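Two complexes come next, and they have one chain in common, subunit A, joined by subunit B in the first and subunit C in the second.
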Partner chain A sequence: MFRYILQRGALALAVALVVSFATFMLLNFASDPASAIAGEDATQEVVERIRQAYGFDRPVLVRYFEWLGGVAQGNFGESYYWNKAVGQLVLERAPVTITLALSALFVTIVIAIPLGAMAALNPNSWADRFALTFAVSAQAMPNFWLGLLLIILFGVMVPILPISGDSTWQHFVLPAFVLGSSSVPAVMRLTRTGLIEVMESDYIRTARSKGYRGLSLLTRHAMRNALLPVVSVLAVQLGQKFGGSVITESVFAINGLGRLALQSILGSDIPTVQMLIFIFAITFVLMNLLADLLNAALDPRIRIG
Partner chain B sequence: MTKAYPFRAIALAALMSVAPMSTALAGKADNTLNVSFSEEILELDYNYTTKREYIIISDLIDDTLFSVDPETNEYLPALASGYEYIDDRTIEVTLRDDITFHNGQKLTAADVAYTYNWMIDPESESNAGATHESWLESVEAVDELTVRFHLLNDYPLAIRDLASRVRIRPENTYHVNGEVVRNAAALEPVGLGPYKVASFEPGQELILERYEGYYADSPKGDPAIERIVIRTIPDIGTQQAELMSGGVDWMYNVPLDVAQSMRATPVAEHLSGPDLRVAFIVLDAAGYTDPEGPLTNQLVRQGMNHAINKADIAQYLVGGSAEAIHTPCHPAQFGCVTDIANYEYNPERAKELFAEAGYPDGFPLDLWAYRERPMAEAIAADLELAGVDVNLRYVQLESLNQARANRDIPAYIGTWGSGGTADTAAIASIHFNETTDRNLSGDAELSRLVQAAEETSDQDERLAIYTEAVNLIADQAYWVPITSYSVNYLVSPDLDFPLSADGLPRLYQASWK
Partner chain C sequence: MSVETDPQLLPEDVLAPSPRSQLLHRALSHKGLLIGGFIVGTLILVALFAPLLAPHDPYAQSLAKRLLPPAWEAGGTWDHILGTDQVGRDYLSRLIYGTQVSLIIGFGAASVGLVIGVTLGVCAGYFGGWIDTVVSFVLTAQLALPGLLLAMALVFIIGPSVWVVIGIIGVLHWTYYLVVTRSATQRLKSQDFVAAANAMGASRWQVLRSEILPNVSSQIIVIFTFELGIAILAESSLSFLGVGIQPPIPSWGLMIAEGKQALFFRPSLVLFPGLMLFLLVIGANLLGDGLRDVTSPQGRN
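On to the complex of A and B.
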């Protein structure tokens, strides 16, 4: 197990390195950071002065390895756009995104799993069709559109929730619903499929013959096996929530890592984009590792390592 | 032009039809003006920033020695009560004696001298210094209320610069315990303006409170609103919703389609103000890309001026108060005379001129552009109609800059905002002096005129020189001027917000109806 974790940790590092290299090259070749910092109306002299001051006139590979050397010592560099240490910037914004991501995952779980179970226990009934319709609608609706609908509904027509900012827990209700709902279809359908399969298995028939019925049959026997693939998907979804909240954070004016990523990309703020991509890549790999470990913990038949 | 959101604007307008209408009273009730910006506000010291939003905020927090009347372009005393030229290179400025910083400390000549000397010190690395370092040598405090500006050379725009850029800070603001701290005023600037900073969370929210010690008779007047809350809301749709629910009273730089859709509702008023930014096509008249190319021919360049339907571009693509222009500057700028050659829209005349120049079947043209895609495509279509075979090269700004520096661009669509300065110098120098790569005219006489205007103190003489220069540009058709711009605002119907001729929104002039 320990060896397995080490292997996956090394894989996470390798992924982060490859991603950081690709990002660094793409950002440098796709845009001119000196021009981006100088702004639209800057003269060529100002752009050149910035290029020299920030060292953009040096070879890109040299700058990449300098950056990497800094990272190895825990120094992610200074943001050109915000004029502060990137590490500090990310630490300031991370709590908001973590709160949003966990809230969104909570929304996904409380909607998708009961809905999936309801559909599985009543296959081809109106409840099943309702669940499927809900899943298809949620999957088809872009985050920004759902966000705007909820803003109009709960911010304008029935103004009971704040629609922009992140200063209170109420500010997270709508964005968490928007971000969480995008994962509902996958989780709901997996729950449904898994449960239908499990409900037809021999050990469930045995449990039924012993007199187990309804909720106790579902929670004590069926769910544990049916939710194995769901756990994996949830872990991956959590990884996506950390990196994929760009639109939601922008719509609801939430000052988190997603918005930071967007601003940094638009402003060609290479050090900040580099660190964010690094974090998102590592988070994603670690979430996959977490999914494997959780599966092993839930199902004794699975052995890791 | 800002990004358009047609789908979302229509959707929100449709939803508005079923939404209950309520007038936004929250701001008026507690005399708080709620402002939203799409841009993040990260720092408050305009001496170290450049963007438009920062000017708007700095105008609330800070003051300058002089002020410019946006209607007449006259320089008015502000922190200074007056000035006098001791000689051509020494200006003596007298300060008012009733001015205090937001911390209660009295403004003295030492503060002014310190601020300017630090701004022009290369070690300061300030943005404001760049405007002054070419003409200002040093600043000296003569007594408590008298400051002397020692100039490096004759510079007629000195008072203009003293009226526009450097924000005065208390002495030693940027030197804390002997150490240089360039961002010392970034988060809590001690200003002299009508509003003081109550709280600031970078990127999120800025709360300003009216400064009760603000001096009487300021050109900014006596602000009516007690508190101004400025929030960053990146999504324009969310800003709309906040405006509809009363959470926002003033939206800036609103896309035209959004402004138009909201105009029809009773919850918002659409205001369209001018902007000193202008759009134009710069033509390689000098023949840097092709010494024998069609653009070296004056008739071809005049034909191109005839070929483009500027009025339709201004009305339908920019909208608001934008107007077609025929000047190589904004008509509101000093020196931008309008009684010059004006090539009316006439594609047939364009074809005639092309034929007369030896191009009866038109000619191929690489037209570069980096923003305003719809405008670029409309221009390309108009030129095609007149027989020009246009290859529209729509690229990133940095690619255009690089190609222009390498003299690889025969024609490009450019825009210029003049930094909000209502003087032709702010656009002419950067585009027509002999050293800039933006100057594709190759006209030494034109560069000489632009330089002469920079070195002349006499305003009448400057006007005469710019008249000559602007006429020369128009006669030679070095540019194809296209349109001015407009800035759209959505404001609460309860708010009285006057617009200024120079396009700068002055929030201290806002009041409740």
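On to the complex of A and C.
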């Protein structure tokens, strides 16, 4: 098990390094930070002076290792747009996004797992059909559009929930629903196929012959095994929620990392954008690592085989 | 269970329908495939014949006719069936031309992704060894990147245009092609007909082109159909956030962003383009599901 953790950890670290290098190169080749700071009307001379003052005239590789060294010491650079340390900006905005991502995951679990179980217990019934239709529709639904539909619904027709901002827990209900719903189809399908497979297995037949029926058969025997793969997919989905927060936070005016990302892009604030992409990638890598380790802990075939 | 492996049918081999007609039969009795095909087919026709179908010029502004409601609401006129937007452009015409934008970007980006993903997948699967290791690592790294955020940043920095949006979305959406073609190629590599081609002295390139690729093409088409929907949604998200297609081009995502300004006053401006997006993407997904069922009947569920 220790060896397995070490292997996975090394891979995660390598991926994080490659991703940070790739984004640094892409963003720095594609943009000119000096003219972004100088503004649109600046003369060539001013841009040149800024380039030298900030050190943008040095080779991009040197600047990458400087950045990486800074990150290793907890210094994430300065934001040109907000005139603040990037680390401080991120710390201010992160709690809101973490709250949003976790509540979205909660929404996914509460909708997807019962729906998948319902479909699996009665394959090809109306319940199964309903669940599949729901999955196909949810997959085709543009996230931002769903958000706006809910804003129309709760802003005008049934004004019982706040539709914009992040000051109370009620403010998170609609955004969490929007962000969570995008993971429902994948988790629902996985629960369904997993449970169908388990229900046909020998040990469930044995349990049935011993007199287990209905909910106790489901919760005490079937669900435990069917949910093994679901647990790791949920970890991966949680990792994706951070990247997905960009749209949801913009629609509902939530001041988290996603909105910060959009604002920084529109303000050509490369250090902040770079850092946010890095943080989202790291979160995803860590969640994947967590999923692998959870899988290995729950299923001995993986860590031994 | 596929028909050709059913032992009961073997004595009637002579009378058995050809694989092609079997495929056609399966396709015509698959409800989802037919609905999806109908939706996508109709919208492709709408895009092709947009100049004939649109009642007005989608770019023509009219200050006198701003924010007209749809014809069936009070104050609407049948001259502008779905009303007009904030600068008086006919909404139905913009929706019709928006079909072109979504389909061009969808097909373009899905093709860019296809070229990257299939090339990497076939090479990794066929050559194996260190090439496979490198490609797998690139795949892991690509999956870790926050795609939407990177796409937003790159499109904004490079400068938003239809071609840039196609290129960036395509470059960020190839993992699905890679995973499927890689495992399919690994499976095909050990088949007898590939060994026969090798024995007859075919070069690696010839084997890849005429033995491997034709046998993964149906899977590639299925993925292409799904990626079409994914790319269309990605474009609409970028345009909605203001870092994709720029005004005055009638992109549905951009139209939703513009309509958002009058969300409570004229919700139809947000409803209609969203419905179009939903319809097109659901059509593409149904078509993809159907094609997968029909081309690999044993792979259902």
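Please note the rule applied: the second predicted complex is superposed on the first by the 291 of 305 C-alpha atoms of A that agree within 3 Å, B and C clash if a C-alpha of one lies under 4 Å from a C-alpha of the other, contacts with A are read in each partner's own complex, and residues count from 1 in each chain.
Keep in mind that, in the parts below, contacts are C-beta pairs under 8 Å (C-beta built on N, C-alpha and C of every residue); 3 or more make two chains touch, one makes a residue touch a chain.
This one's a predicted model, so the numbers in the text were calculated from it and none came from an experiment.
Set against each other, subunit B and subunit C differ in how many residues of subunit A they touch, and the higher count belongs to C. In the superposition on chain A, A:N124 contacts neither subunit B nor subunit C. Of the two partner chains placed by superposition, A:S209 touches none, neither subunit B nor subunit C.
When the two complexes are overlaid on their common chain A, residue A:S250 makes contact with subunit B and with subunit C alike. Residue contacts after overlaying the shared chain place A:I151 against subunit B and subunit C alike. In the superposition on chain A, A:S31 makes contact with both subunit B and subunit C. Once the two complexes are laid over each other on the shared chain, residue contacts for A:A22 go to subunit C alone; subunit B is not touched. By the touch criterion defined above, A:S164 reaches subunit B but does not reach subunit C.
Contacts of A:F242 after superposition on the shared chain: subunit C is touched, whereas subunit B is not.
Contacts of A:Q73 after superposition on the shared chain: neither subunit B nor subunit C is touched.
Shared contact residues of subunit A, touching subunit B in one structure and subunit C in the other: 31, 144-145, 148-149, 151-152, 155-156, 250, 262. On the side of subunit C, the complex with subunit A involves touching residues 137, 140-141, 143-150, 152-154, 156-158, 229, 233, 236-237, 240-243, 253, 256, 260, 263-264, 267, 270-271, 274, 277-278, 281-282, 285-286, 289, 301.
Across the complex, subunit A meets subunit C through its residues 11, 14-16, 18-19, 22-23, 26-27, 30-31, 136-137, 139-145, 148-149, 151-152, 155-156, 193, 196, 242-244, 246-247, 250, 261-262, 265-266, 268, 273, 276-277, 280-281, 284-285, 288. By the touch rule above, subunit B contacts subunit A in their complex via residues 8, 11-12, 15, 18-20, 40, 42-43, 50-51, 130, 183, 186, 202-205, 231-235, 237-238, 241-242, 244-245, 247, 371, 396-398, 401-402, 405, 415-417, 419, 430, 436-437. Considering their complex, residues 31-32, 34-36, 39-41, 43-44, 46-47, 81-83, 144-145, 147-149, 151-152, 155-157, 159, 163-165, 250-253, 255, 259, 262-263 of subunit A touch subunit B.
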